[in-house]
């Protein structure tokens, strides 16, 4: 059983943005030498998240961000947090700050249409993504 | 430390449906011989999800599906994705495509009222569920 | 590879409440002797959840609970579940009943502003939190 940790940085350009990080995570997996196990992708920020969804048609992440903005608008009467980013904190908890996925035959075992996204909800900012690969 | 992988198929009958897969997952755990560890249940589809909730009263999953439909309706002005299933992609990211649970004494360590559900948001379809059991 | 399991209890005082459990989880990690690995925090209840978000300013969890209540109100025409807590079940699945985080140098590898919260959605009640620490 081996446990490997990596961190990589990304920069968002918009307040709300889904950034495809599948290839960066895939590189960590292929370099790990681990053939069977799992990967955790962890976001150490409280106004961002990690999700897995379709990365073939860019309208899918657009529609996800649009829906989240409809449900949790930037400005809403009743927010108490003074930094003006309560919506981003809420979206972070609704989507979740980590994802896990399986590794088989030394590759990420994603579904045909699945990609891994870093979800920025309070950009533009420089962010970090932590990856842990475990297995044999 | 052992790592075991299994895949099983299920068929949904409705566009939105929560299918109780607790017994299928429990069988994988009991056959694994692992007494202490964890299980990952992973959905390799981008218009479906995995969740854990009450499986005693069928009105609970009904009310969860009803609430999700109220929040993320099938048709909403502003969706760009041409396949007409943007709602399903959104619900998938809100609920999440995997769950993890603990294994103790060779059984799933679920709470009294907890069951594991495959959440279909764009059925009816044939779907796959991946299970990884890790432990000793 | 070691696997350690712990359970601790907490008591909520309100129907909706986010309780910071970062120090309890941190104690389990530091006592485990594990220097490199991961932790699963698991809630065995179907009307509660676990999330990671900012624990510096108490207005952040307040705004998250406020937003969830706006989206999923306690009483809504159409709920079928007779116990009157359908909203709590929905919130549990939206937030999710577990979180995972990484352990490095014998400490939880949380971001600067991140804390771990037990989310009560149908209190006041006595609740349990399960923790599994894995690593070397």
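Lettered A, B and C in written order, each chain numbered from 1.
Rule of thumb we're sticking to: a residue touches a chain if its C-beta (ideal position, glycine included) is under 8 Å from a C-beta of that chain, and two chains touch if they have at least 3 such contacts.
In this text, all values refer to a predicted model and were calculated from it rather than measured experimentally.
J.: Mind checking subunit A against subunit B and telling me if their interface is mostly the same residue numbers on each side, over half, or mostly different?
T.: On the two sides of the subunit B and subunit A interface, the residue numbers are mostly different, under half being shared.
J.: Tell me the angle, as a multiple of 5 degrees, of the rotation that maps subunit B onto subunit C over the C-alpha atoms.
T.: Superposing subunit B on subunit C takes a rotation of 120 degrees, nearest 5.
J.: Take the average of all CA coordinates in subunit A, do the same for subunit B, and state the distance between these two points in whole angstrom.
T.: 20
J.: In subunit C, which residues are in touch with two or more of the other chains?
T.: Counting only residues that touch two or more other chains, subunit C contributes 1, 71, 94, 96, 100.
J.: Enumerate the contact residues on subunit C facing subunit B in the complex.
T.: Contacts found on subunit C: 1, 3, 5, 40, 42-46, 71-72, 76, 78-83, 86-87, 89-90, 92-94, 96-98, 100, 130, 132, 134.
J.: Using the touch definition up top, name the residues of subunit B that touch subunit C in the complex.
T.: Checking each residue of subunit B against subunit C gives 1, 36-38, 51-54, 57, 59-60, 62-64, 66-68, 70-71, 94-96, 99-102, 104, 109-114, 135-136.
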